[in-house]
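In the two assemblies presented below, chain A is common to both, partnered first by chain B and then by chain C.
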Partner chain A sequence: MAQVQATKFKNPVVNWIDSRLPIFTMLDHEYNHYPMPRNVNYLWAFGAIAGIMLVIMIATGLFLAMQYSSHTSLAFDSVERIMRDVNYGWLIRYVHANGASMFFIAVYIHMFRGLYYGSYKAPREILWILGVLIFLVMMGTAFMGYVLPWGQMSFWGATVITNLFSAFPIVGDPIVTLLWGGFSVDNPTLNRFFALHFLLPFVLLGLVILHTAALHVCGSNNPLGIDPKGPQDTVPFNPYVTVKDGFAVVIFMIIFAVFVFFMPNYMGHPDNYIPANPLVTPAHIVPEWYFLPFYAMLRAIPDKLGGVLAMFGSIALLFFLPWLDRSKVRSCKFRPVYRQFFWILAIDALILGYAGSQPAEGSWLIIARIGTFYYFFHFLVLLPVLGKLERPRPLPNSISESVLKGGGAIAAGAHAKPMEKA
Partner chain B sequence: MAQTTHPPGTGGHAASGGEGGSRRDFLYLATGAVGVVGAASAAWPFIDSLNPAADTLALASIDVDLAPVAVGQAITVTWRGKPVFVRHRTAEEIESAKTVNLGDLRDPVADDARVKKPEWLIVIGICTHLGCVPLGQKVTDPRGDYGGWFCPCHGSHYDTAGRIRKGPAPANLVLPTYAFTGDAKIRLG
Partner chain C sequence: MRALKTAILSAALALGIAGAAQAAEGVHIPKQSWPHAGIFGTIDKAAAQRGFQIYKEVCSACHSMHLAPIRTLAGIGFKEDELKGIAAGYEVHAGPNDAGEMFMRPGVPADRFPSPFPNDQAARAANGGALPPDLSLMAKARVGGEDYIYAFLTGFEEPPPDVHVMEGMNYNKVFPGHQVGMPNILQPDGVTFADGTKATVEQQAHDVATFLTFVAEPHLDARKQMGVKVILFLLVLAGLMYAVKRKMWSTLH
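Then we have the complex of A and B:
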């Protein structure tokens, strides 16, 4: 970004600051003139939506932290006090709790968008890897946040998840003791989870900034999966994408508000309104819905270590996705065979999620095993093989040719001017 | 803003003409105004969550039984996290509080206006200078030059009606909200 031509602004104060610290030039370049492929659809709004969810989570979380006590004897009551006594405490907590789910919805749609349109392929490998890292940190943050209310599901969720590490031979038990700071999930565990739950969102913010920086180096992918060839293929970010993203954000917030105001506990579990009891395990422990597919894989493997490896492996696989997929064609639009398997994978993830919510016995166990097998089969066998065997449909010459049916003028706008190629 | 009511056909004309605002200006302003109202309504729950919660407010009134406090004694009770001084004044203390020339006072208030029953003086025990708790509740404490309270932090002297007489404090000791619920019973708050 250093070689970017400094922008001239009307306001002399802005110019004075900008010549010393070019933040305004940077913003102008990255969020005003920044060329977006003119054919991006509403699926491209979910990155912005996820970013806004992160800000909402940090803001509500900050105010919850001001009222919360991270001690086993106080935690549950302090959350109930937030719900009953603190002014608008119910609203802030419900926004935070449902916000976690909405954040995952946005991120899952964002990830499947990337899978469908091949957004992980060269030159966007680092961008994708940063995204997987964001997903991992999000999962850790969400898990530790769920422990804080210190209800039954909090306690037993924490017990089950931390016990995963005991599956590793020799080092397993010392690791678990280290995580707990004792010999069971107890006050030291709660305290450190609170500290980490406060820290990790800022780690996430840093990763999101890197993710965005990497995105702005090569530019956004688009539904055709071909690179823009010039200004006729792009529109300036502002106002075209700001308005489109803004509209998508409003619709998303309306759905969010429906959950917060009309069904705030729909995505939660009633057992978490029972204070944690280290002597009584609930009959049926389930994680939050966004972990269910991974939970299903954990239980599908009949071996303890195998289940843990399958669960971690299912995410670790995603780091290698840019090299597992051998096809040079990005978008599913031109990959007739892969497109079918993409939808099978999406359905597989939903089935795994449902299987994860059911008791691990009988037919659900068998279904979970088939689903787990297919998940790994898709990434480890289908993707490399399809790249060689599949015959993609011909790619269009350019975005504008495909979208406008034969060329088109450069998008006119308040900031229309010749732009450098993305 | 007159142009904003023009039919669509003249919108472009108004935008290029320099007189007044165009339809686009109106839309900017209207959107901005809605945005400000929205941002303010979104911010209010967060700001209000920092105000005293319902359980904090529920503890905000307390009953105090004054019967065990003998003449000349004083007790300190905690109300809303602050010390409240309750002094059972002697006849001389009441007399000295009543006979003061109001013109000599920095914050002139008659003794009648500071008590509900002359023998009971009830004030918030926080110096009006910088918030220390003055001495004088115990008989052995220094009570300052006027027999009331003495603030050790910066040397303010209060008299037997809790009025500032000497030192840096600007005002008399504050009176809490209270009512007598019986002969020797009060409810604070």
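Then we have the complex of A and C:
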């Protein structure tokens, strides 16, 4: 048997536990001493912000679930009961509803940060793939959550999205029947969506833990995209990054609070305050804003199966991004040509989002088609070709040299290895 | 300050997209000025009480408001005995009693506002096929909210000469499709306000819209008051966090 290790903690209870289950050593190692490149900017806070949003969503969701009834005849009224009669129910629900949007805002910024600074490149491929998985599960969770209040947009959104699967040959219709639990969106659909909406956040939590574990193996990327070479290039996570992330979290919470308290229904659709009615179709069925770019791609292709493939493909190709981008240079700072295409892609995503909110006809349909084409063109053609053709600017020798102009003080407590390659 | 910039940018982005989603439909609804608008705005209780009177005397003949308990009215300044009086004015379907029979009893504040029709079919049958929508959430269930309610109630007019209004329908300039089953119900001095306010159509529309805003969002005042406190707290906290961050990182440079 291995000897119980002597540990360094002063508290004997902590020591006793830690020598048998080294969780304190692990936390100390991963969160106190974890070396962060000293040049990370505030865009690096959005990972922490997204993590906090997940916790807020699980906490508020738990209390909503205690009051909610997942039956078609009760769901809408039970949500209104939460809004009217449950103590601070309005607060819990508005935090949860707007929290979903804020979660997506944080995650989208987090993803575009990864795109800009090449955070998906070796050795962070699995980290990135786990991130794309998180995004997928998040989309599923958000979609099913939006169905639960059983308003008009809930019902018709569910009808449109579940029907997408019927586009697949042979397996399509059985999949749709399984999703519905019957032959139309009805009570069994609502019930299973509620069950899955409760389950998936914990799947998300597991994925987030893996995402963080993978991150702590490779270490964080940074705006220069070069690896730290020694302790002079990094700062220990705590307290330097905790306080910096903490400030960013508070700023984010202020914006969150503005929505919750002063415009709680701004990001929702008024039709969802009308109870679901299978006999009345809303004039325009639109998903929540965070799905609009994908919705635009879905409608841009004249063929149903083609549209569905384009929509799922737009996310699926993100899995292959680490291999589509042939350039060895991570950060856009040193890729003058790619940087411009990055911004074109960002604008393209915004335009697709707007096109998704408009009826699929006339000029917006044409714009959506061009936007969809460009999205795929960017990833499938531009990225591989640019990696070969582009001449990147010379990379700096080290982070500290570049940031501090001749090296700086080593942060107190920075003794950890720069790269934690396990 | 880059976080702030990013955050503002992202918020603006979200606003833009959500706004776009909503702007996609319908007629232009002119904005009115509401005492409950803005950060410090609160429900105008006198207007909401007048609005309740109009609901009771006019709207409730056809429209239900079944999600709101009568006690909700405490939020616009009705005292407990007044609430009991208002509730007692309604006959509520109850039972079964010990003999197994359903019966009618006077309402209590905990009851919800009784609906004028037992079911949607009865409502349609009595209204020429049109279903008067429930008013509990009207102020949140239409693009434009209370502005829409005001515009709708003041939007009845003679149809343009080239528009043929169908049998039993009425022309309204803001209703989608312009033809609506509901007649122009608000008349000048159609109600008499106890506080002496002159009951013009505009005044009534304003008061009903205020009341329905309150009914759709009974915790509106509490929400905004809490919001001011939360944001003030977070601003102070952000200031402290920033100062600590600056101090801590200053040793690194």
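Simple rule for what comes next: the second predicted complex is superposed on the first by the 405 of 422 C-alpha atoms of A that agree within 3 Å, B and C clash if a C-alpha of one lies under 4 Å from a C-alpha of the other, contacts with A are read in each partner's own complex, and residues count from 1 in each chain.
Methods note: a contact is a pair of C-beta atoms (placed from the backbone, for glycine too) under 8 Å apart; a residue touches a chain by one contact, two chains touch by 3 or more.
Treat the numbers as computed from the prediction; the structure is a model and nothing was measured.
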Partner chain in contact with A:G230 - chain B first, chain C second, else both or neither: neither
Which superposed partner A:G313 touches (first chain B, second chain C, both, neither): neither
First (chain B), second (chain C), both or neither touched by A:V286: second
Which of chain B and chain C A:M66 touches, first, second, both or neither: first
Of chain C and chain B, partner touching more chain A residues: C
Touching partner for A:Y273 - first (chain B), second (chain C), both, neither: second
Partner chain(s) touched by A:G172 [first = chain B, second = chain C, both, neither]: neither
First, second, both or neither for A:V258, with chain B first and chain C second: second
First (chain B), second (chain C), both or neither touched by A:L91: both
Shared chain A surface residues [contacts with chain B and with chain C]: 84-85, 91
Touching residues on chain A, where the partner in the complex is chain B: 59-60, 63, 66-67, 81, 84-89, 91-92
Contact set on chain A toward chain C in their complex: 38, 41-43, 45, 77, 80, 83-85, 90-91, 94, 101, 105, 108-109, 235, 239-240, 243-244, 246-248, 250-255, 257-258, 260-262, 264-267, 269-271, 273-274, 283-284, 286, 289, 292, 350, 353-354, 357-359, 404, 408-409, 411-412
Contacting residues of chain C [partner chain A, same complex]: 2-4, 6-8, 10-11, 13-18, 20-22, 24-25, 39, 67-69, 72, 133, 136-137, 140-143, 145, 176, 216-219, 223-224, 226-228, 230-231, 234-235, 237-238, 241-242, 244-245, 248-249, 251-253
Interface residues, chain B side, partner chain A - complex: 44-46, 48-51, 53-56
